[in-house]
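I have a structure here, written as structure tokens, and I will follow up with some questions on it.
Chain lettering (A, B and C) follows the sequence in which the chains are written, and residue indices restart at 1 in each chain.
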Amino acid sequence: MAGLELLSDQGYRLDGRKATELRKVQARMGVFAQADGSAYIEQGNTKALAVVYGPHEMRGSRNRTLHDRAVINCQYSMATFSTAERKRRPHGDRKSTEMSLHLKQTFEAAVMTQLYPRSQIDIYVKVLQADGGNYSVCVNAATLAIIDAGIPMRDYVCACTVGFVDETPLADLCFAEESGSSLALALLPRGGQIALLQMDAQLHQDHLEALMDAAMTACKGVSKVLDEVVRRHLQEVSVLTGE
Amino acid sequence: MATVQLSEAEKVYVLHGIRDDLRVDGRSCEDYRHMEIETDVVSNTDGSAKVTLGHTAVLVGIKAEMGKPRPAQPAEGYMEFFVDCSANATPEFEGRGGEELGMELTNTLYRVFNNKRSVDLASLCISPGEHCWLLYVDVLLLQCDGNLYDGISIAIKAALFNTKIPKVLITEGEDGVTEIELSDDPYDCVRLSVDNVPCIVTLCKVGPRHVVDATLQEKACSVASLIMAVTPAGTCTCMRKVGGGSLDPESIFEMTEVRGHDPGAPPFPVCPSFFLLPPPVPLSSSSPSSSSSSPSSFFLLPPPLALPFLLLLLFLSPSSSSSSSSFLLSFSSSSSSLLPPPPLALSSLLFLSPSSSSSSLLSPLPLLPLSFLLLFLSPSSSSSSLLPPPPLPLSFLLLLSRCVDI
Amino acid sequence: MPTDTKRVRGPEVSQSLSRFICKPETTLPSDGTRADGRNRDQVDVRPVFVRCGLVSQAKGSAYIEAGNTKLICCVYGPKETERKDETDMKCGRLFADMRFAPFSCPERGSWIQGSQEKDLSLMVLESLQPAVCLHKYPRSQIDVNVMVLENNGSALAHAITCASLALADAGIEMYDLVLGCSIRQDGASYLIDPTFLEESGSNWASGENQGSLTVSFLPSLNQISGLQSDGEMGEETLTAGVRTCIEGCYKLYPVIQQALVKAVRGAAPPPSES
């Protein structure tokens, strides 16, 4: 973006954050009563809604059933008004299909699917407002939704998108910053295991290490926030049900 | 439509109840479920609204773009509708499953707005034959529990009310090239008048009686239903029968009469909005006192139509950025099945009484922190928890819309 | 709308000539007779020509002509249903499809079914469904295809009539015939069975009570199976309009019945000598 400095001399970004600062995360679980699990998350201006149905019997083609574990079925879609320019098709285009596949791979690594053979878990994520880091926000939302549904996971799946500007890694990119290089990382924080790593930009090999470290730190930060959200939600639920 | 399967015994139970004017959740045949309306929830759009009617949740976003007017009507802008039945609502809508229902809803919306008086399309024209405003109205179904038409029409009305179209200046440059300038000031915008925008009322025929605001269960027991789009003036812009059964002409006439007294049409001319966000200045740390008396007083509000309204507020706040308008937000404790209520908080509001008709109600208050008590005393049994201990019992601002006159 | 890759199409930016012709005053004359000699405010439906059994490959077919509106309908079935859900076990399914031939309207339409056609198909389906005894055809489906050859107003109403006639011709069991009638409300007076010019939306003057209404009716059972209105009308006008449409259907009923009897007689074998 001509004329806009992504990182100023004093170390401030476009929205006033420092290089390693995450956007403000606000999340709620259990927003929809009809779904088995649901969550809504806002990271800065990016808003995403995740809904989980399952585990339930395999719908549709029975021959895709796996005899020893559950099938995870994801759909990623964006609301038509979510982007600055109106999107014509909410889902079904190539980008959405690719994102759905990424989500599926991510959660297949984290969810303990061998506890539910011959069944299906549906994860539907909808981006209501897109302002950078769509994939990461969706992963975070889906994690919360799966926890809300009571499906056991190995660990939280936390994701963050990082970029590289002026020799400095920037954590949690917004839309304007995403036009440069961006790397999306989905992490299981406790063990430091990577569920998904994706980057499509030109980056010098020397910088990769620094970028990965920044990403992991950012993800761990996100995991703290998500953990707090989950604990708070549990507290509220237990208060309401009365113990 | 997303349907539930009911056994014969359940159907008989529902039928008998309705025959005695008692529905499964305790409402009478002509009561609506608890409704919440919120505007300005998505900042990328020019206008947006979210409506929750019981378990049905609908989100509408309106984007205004410039384009060429239709050749047949060169001096008018136009509206394009699109209904997206997302998989969030039910797994059946995954992939292309929701397309059929989406198409049906879209076609009905086109028909409802297909008259000259609902929306003033001439005001959307910039230069005849060359430029006009196109309003893309995108409806997103988040949760589906029956009565989609009503929820969608209310959300569209609220979103249209909330829409701000920037003012455009057309100048003739050299060589006859027209230049279009958008004014930079975010407040220099055109608002649409939603006085005549119709609201849809759905009446389902279950057994010998008809019910308003049917849930999915009741719909499974019904033979057919009648959809009517009613304007505040009392005229009907679209009437349709849906469903695979047939209706007696007499029952249709009866239903149109009921519609005359129905809450559907007028209540939302002034768009309500309330915000669920804790404000930049957190005053909420003070101990929440439970104002037990207030609920009842609050509840008196509802128009005699038994529509529990919460807070209807007009909000225009420059200070709070788009983040303030995010919905579903709250740190509040309520994790009830209903959509997020209200916040513990207070928000500071700046009232700008807009040019719309509601100005009579509000005295423009400066930035006062006010607390809103958002009460969910819905008649239905679904709300288990009340609102989070309401904060300071400050003044309630109740915006009574015109509906109260009805 | 999906693009059509199978046909060679004309240029994208072609426009119809009619847009450039200087048109005379397009609003309806507000008094006296209509263009084709019928009267306002009277239940004066156009005379109808009906024949059954035209298409030999189809199980049942019907052709209807009302003024210049010409429609043909074919019925295929009952045949085994392709989708096997639980709901098919108890009763059959009805599929209705209504299409406009591209040359049917004054402005050329497209071969691909647009959203308006889908909407009309849904309306035809909803109108026919109460009349057909679907419980007698479990696990089967019945396809109804309506094609509008020339559209000079009231296409939907006549499509419903034609479709129910074709169903009867196909021998599908029904509770009653379904007849359609439409009406155009223009201020204080109404025009029954409007022509294309009378019906088209751009002619709507901005006054009170401008709209159109289509009703499909089962005459012997006195049930309304389909109702659709457009435009803005008051409640009493709507109720009066529905009553008028019902009257129009009653007027049409004997003609349709006769046509059906004739078709059955023609198809029945000659009585045996013994």
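Quick note on the criterion: a residue touches a chain if its C-beta (ideal position, glycine included) is under 8 Å from a C-beta of that chain, and two chains touch if they have at least 3 such contacts.
Being a predicted model, the structure only gives us computed values, none of them experimental.
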If every chain is a node and each touching pair gets an edge, what shape is that graph: line, ring, star, complete or other? line
Farthest chain from chain A, comparing Cα centres? C
One chain's C-alpha mean falls closest to the whole-protein C-alpha mean, and that chain is B
Indicate the whole-number Å distance between the mean C-alpha point of chain B and the mean C-alpha point of chain C. 35
Quick one: report the Å distance separating chain A from chain B, using the average Cα coordinate of each chain. 30
Whole-Å gap separating chain A and chain C, where each centre is the average of the chain's CA atoms: 51
Note: in the complex, chain C contacts chain B through residues 15, 19, 115-116, 118-119, 122, 126, 129-131, 201-202, 204, 206, 208-211, 213, 218, 221-235, 238-239, 242-243, 246
Which of the residues in chain B end up touching chain A in this complex? 42-45, 48, 55, 57, 59, 61-63, 65, 82, 84, 86-91, 94-96, 136, 138, 140, 142-145, 322-323, 326, 328-331, 333-340, 382, 384-385
Which residues of chain A touch chain B in their complex? 24, 26, 28-35, 38, 40, 42, 45, 47, 49, 51, 53, 59, 73, 75, 77, 79-84, 86, 90-92, 122, 124, 126, 128-130, 232-233, 236-237, 239-240
Per the touch rule, the chain B residues reaching chain C in their complex are 71-73, 103-104, 106-107, 110-111, 114-118, 224, 226, 231, 234-249, 252-253, 256-257, 259-260
